[in-house]
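Below are two complexes that have chain A in common, paired first with chain B and then with chain C.
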Partner chain A sequence: MSQSAPLPLVESLLDVPLPASGIAWLDAARHENRAAFAAAGLPDTRVEAWKYTALRALGQRRFTHGDDGAALRAVAASTFALPGVDGPRLVFVNGVFRADLSALDALPAGLTLQPLSQALHDDPEPLRFVLSRPALIGDAREVGDAFTRINAASAADGVMLRVAAGVKVAAPVQLVFVGAAADVELAWHLRNVIELGEGADLSLIEQHVSDAEPAQLATVVSDIELHEGAQLHHAVVQNVAIATSLIRRSSVRLHARAHAMLHALELGGALVRHDLRAELVGDGACFDTRGVFMPHGRQHIDTQLAIRHQALNTRSTSTWRGVANDRARGVFRGAIVVAPGADGSDASLSNKNLLLSPGAEIDTKPELEIYADEVKAAHGATVGQLDERSLFYLRSRGIPLAEARALLTAAFCRAVLDDLPNEALREHLSGLLVAQLPA
Partner chain B sequence: MNSSMINESSASTTLRDNAEVAEALGRSYAAGFVTEIEMTGLPPGLGEETVRQISAIKQEPEWMTEWRLEAYRHWLTMPKPDWAKLNIDPIDYQAISYYAAPKAGPKSLAEVDPALLETYEKLGIPLHERAALAGVAVDAVFDSVSVGTTFRKQLAEAGVLFCSMSEAIREYPEIVRKYLGSVVPTGDNFFAALNSAVFSDGSFVFIPKGVRCPMELSTYFRINAQNTGQFERTLIVAEEGSHVSYLEGCTAPKRDENQLHAAVVELVALEKAQIKYSTVQNWYPGDENGVGGIYNFVTKRGDCRGDDSKISWTQVETGSAITWKYPSVVLRGDRSVGEFYSVALTHHYQQADTGTKMIHLGKYTKSKIVAKGISAGRSSNSYRGLVKMEKGAEGARNYTQCDSLLIGKKCGAHTFPYMEVKNPTAIVEHEATTSKISDDQMFYCRSRGISEEDAVSMIVDGFCKQVFRELPMEFAVEAKKLLEVSLEGAVG
Partner chain C sequence: MSMLIIENLHARVEGKEILKGLSLSVNAGEVHAIMGPNGAGKSTLGNVLSGRDGYEVTSGSVTYDGIDLLALEPEARAAAGVFLAFQYPVEIPGVNNTYFLRAAFNAQRKARGEKEFDSMQFLKLVREKLKVMQISDELLHRAVNEGFSGGEKKRNEIFQMAVLEPQLAILDETDSGLDIDALKHVADGVNALRSPDRAFLMITHYQRLLDYVVPDFVHVLADGRIVESGDKSLALKLEEHGYAGLGEGAAA
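Then we have the complex of A and B:
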């Protein structure tokens, strides 16, 4: 949607020189994306993909691009320490790569893990395809791509992760995105490229954390490609501070018999939006997502999941839980498309939500678009409260009401972590969930 | 209705069914004939003058003319909506004639042109004695005007007002003025605004306080003339503690061009009132190549204005090239109830984007949605629904079930439910499935000597049963036969 006068946010995001790579095609793509963002501006709520997420307030703010002092910001190792996770690590602070915080020594054979800028410097050609376009997957009609465009224009760095064919990486790889306190309100952008070769196997932890003040705006765009028979376990822990707005888009492309399993915890942030798209392009590809969003205070957490079955005998399962408290708003869209000819597709999606407070709101929209007939597709969504009988059961055994509520709410959310293979991590994450529960 | 009659009619149904299977091979759209009858009407075109002319023909009071003009002026400012999952060829609003009527203006049922009565007879509408047998009071709308309302006297004795909208505007202006546009405002949406400007007739029902309408009320709509649009407006008001069941059926002749049908239906239920509204929509769907057919763009909305009121929509949608409608209920009164039962079948190149909206405002309001979509051929069938729990909807409850059945590889079945919940004591539940007729089910039937076509219609019938159960009996029988005919050639 074009605006009559550009919004302060749009102005401030455009008011920066584009990163100069010296690579002609990359600079051209950045210019193009910047022009497209400038022309389209921010989507408003009349755009279907942003129906429940108004950008009015965010649009009035100004952010300063990039942090000159990023290399010197003090970040405690405890910020990103996770039990059960002790492997290669790549850390970005305010959008800038920090070698001192990363762990890139003695990478296992077959694993490439480096800043994208480094990869571009060494040999840009293999990245040309993925970086020439704003996002690998997406509906061209969607105006909602504004943030993907500004990311494509402005992101100077990001993660480059590649696992060679047939390589099984034993230790989990950790990607950490830190927003550290600066003198001004910062905006930063990162672009990640992750590729698993044929039969490769990787466990990946993606962490988003930030300092409480001042406010920040971050965009992170990731392209993840799984070649034939590749396996990915991907856990996302989003626990940024309440003043940080974080807009992400992850596009996952799965070839034949590839399997991706994603666990996502969406806990922090002021305005948080995650567009998670998957295309199952190879026969027998499999995509499983488990996630929970728990907005409280005045948080707004929006998850847009879109799964496209395009090949034979593909499978997807999605289990998402939402808990909204105080004056918070949780938004969920779970769209499943079965393309013509994608026979044997099996798709199921469930989104259950708890509404804990009179000021809170949940908007959920499960969708099915089916163009093939040899298909099993089902979805379910509920919004409600804790089961009165379960509460009664616990109270009749002497557990106080507040505690009984917390216990049941925790159990409600924990269901999404059940099949997380890393046990130590699972326990830690479920501890994070419990900590977020209303007292 | 006594029990012997029920037995008789079900026996004759079986007999007719057998004859129909043979007959069905040679036919597809039985209501596709054209009635040769002298027509008068307005030439194609739309402007303020057209609106004034329609109003003048109807001998409407000044306020009504102004109401229409206001709607027309608003319509001019509105963009055409494009959010539905539909491919619609552009509509030339200047090429449509906005008023067509049989030339011999009927004054009473006895004066109705025999050719017209024959049409309704062919369609199986019980006017006259047949009406008495069926116990249904019918208001039939032929193109733009209402041609006869049966059972006026009996209804009048009960205090029920049932007449055409034109008549109601003349005879009961204070009621019409109070309620018309109060549920669907003139500027509600593009097609409702157009309808408000040019609506030519429709039905009006008023059930006074405490009255239980002694019989089912019914309207039959038929588009006959070429190049016409039908824009009817129905208003049903049920006063405190009253009760009414209303049926609506629609057909149109086979023509190669698309014809527009943009109706508005408004229901108002006051305290403890109940309205049950059933539709069997069988507008001409176009031929097997997707040529012709009706564009059915309808706004239907009920307002449970009083506490403990109830509005129930039941629809069987088999016709129309494109269906775009969402019968909705605004649950304003505390403890009010909204229901939506729907079967939508699309075949060949038909497109349907239909569903409902349940807007919960009152405390302890309840809504239930059961939607069954069947797609065959190259058709596209979408359920689109909204369940909204506003802040005040304390303890409100919704249950939604959407099932889609796919017959063939080239059709599409889609589900787009929206759930917006702002009250922590409200409960919303939505479930949807999509599947095809399973090979197991088919094999079971075939191994017992049931033909493929019969097996499909049997399975489809079972799939729709939950909705058919909600229809008045005559309509349930008709709906079942309609599905069979519409699905013909969908398998094998």
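Then we have the complex of A and C:
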């Protein structure tokens, strides 16, 4: 896509020296990605994947790259404390690893958890494939991937998490990404690599939080690979401040009989985008997602789910709820492809949405493409309002209107948390949902 | 003074006049049955009294405990002691029955300036009521009316009434769609709640329920008005002769 003059955002993101790793292939990949980003610029709404998420306003902003003071920013432990969660923890503040806030002592055997920069320093070769890959994304179909490119070019750090084959990690691992107030409007980038060996078992909690002011732009790109029979429970709590824009991309690759279960709460942010992609490449792989997005005010929250069934008897279930209030906008796209040869696959997707005010908008687009035989597939999406009959029923029993609305909305959302196994966490997340509801 | 005084009530639904000058007085301790053919305005009466949207009162008045009932929001009517047992109870997935009932119970107490119950106190109350209503506590753990049979839904309405202890209970065709056993259970529940302080308005199409809950008064509602009132023998007369010939427009 050609642009007459580079947008201020593109200029400001390019106006930084690339991190120098001293690793030839990595530096090359960074240069390539940077060049690709400079050439393509930002996608506009003519690009299908960005049809409902306009980057016009964000494109006019300028952000300062990196935070020299990140190591000293005060971050209260309560920012990321979760009930029933007291295990290994890796914390980044404004894109910078904070050993003082992390909990990496006495990691259980078989769990590697460290900053990516450390892993690259110790032994870069195992990371070569995954970190070089974004550079390969260059064809026209991926023109929407501007943020993945600038992330690949500029991210100097991130999470490196590896669970050895056969290891079951008992305590949940916490990954915390904090945007802390600085003097300027910051941009920062993180790159995460997560790998579960054969038969490994991990419970992971990913948290995104930020201070109210000033505005920030963050990109977080994660690669998650589950080898044969690995099990991952992954909970994402995105609750950044209203001035923070957060662009994430998570790519999950599942080998034979691997099972990933994701629960996502998308609550905060100015412009929030999450591209969640899963490839079920091994027979019997299973990918389940449950999520809620709840924009209010002028928030814009966009979730793009893309699942590819590429092997026999794979299964995916996707249950997402959207609730938009005020003049907020929610976007959901659930694209499922059952590739040729993925016979016996089972894919279901449901996205139900609630509009709580006349100025709110939700755009939802389920897509299903099936090229295999004996496939079970079901998908559906709805956009509606609270049921008047239910509201009256509650009021007729004495529950005031506002409380009745909150009760029904919470019930509508809570369904996605039903099968979250950690009860304390489930209660906490349920509380976050209720707190987000209009009073 | 009567607990409930309805005077010359006119009400419209979607622009169509349904109630056309209905008058009725109910005293504490009394059970009134409102009978009538389909389309007479029976359910409209229940909905107007409980404050459902879409029911427009064009003239007349409803005085409850000396106050203008029609000026109150539905939740305020509930807090004032008015309860409607729905003809078609609503299923509310995701809202636990006990949680819902406690929210309602406490909202009413709060509105009346009374202290709210904590979950232990409330559970104790619920257990007592379950015993009286002969309802299994399995019902408490389910979502409100979700997947309930017709009979379970109606019994759940009566159970809610038992917990909320209204002054004025309006039962809107609570007997419809029930087999004889379920009907008896519902009737037993209602009878257990009869008291000198409480009044009932039982809206029904059939005389059947009145065999089990014996009313003090029976009124025939036809074409939006009470066309005849009497004691329980009137219900038997209706059973025998039908609604035809009672009041003008009764056959409509």
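The rule is short, and it goes like this: the second predicted complex is superposed on the first by the 433 of 439 C-alpha atoms of A that agree within 3 Å, B and C clash if a C-alpha of one lies under 4 Å from a C-alpha of the other, contacts with A are read in each partner's own complex, and residues count from 1 in each chain.
Quick note on the criterion: contacts are C-beta pairs under 8 Å (C-beta built on N, C-alpha and C of every residue); 3 or more make two chains touch, one makes a residue touch a chain.
Because the structure is a prediction, the values reported are computed rather than measured.
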Partner chain(s) touched by A:213 [first = chain B, second = chain C, both, neither]: neither
Touched partner set for A:427, first chain B, second chain C, both or neither: neither
Residue contacts on chain A - larger count, chain B or chain C: B
Partner chain in contact with A:400 - chain B first, chain C second, else both or neither: second
Which of chain B and chain C A:356 touches, first, second, both or neither: first
Chain B versus chain C as contact partner of A:408, first or second or both or neither: second
For the chain A and chain B complex, residues of the former touching the latter: 48, 52, 340-341, 353, 355-358, 360-385
Of all residues in chain A, those that touch chain C in their complex: 387-390, 392-401, 403-404, 407-408, 410-412, 414-415
Footprint of chain A on chain C - complex, ascending: 50-53, 73-75, 77-79, 83-84, 86, 89-90, 92-95, 100-101, 103-105, 107-108, 111, 144, 160, 164
Parts of chain B lying in touch with chain A, wherever the complex brings them together: 83, 389, 391, 404, 406-436
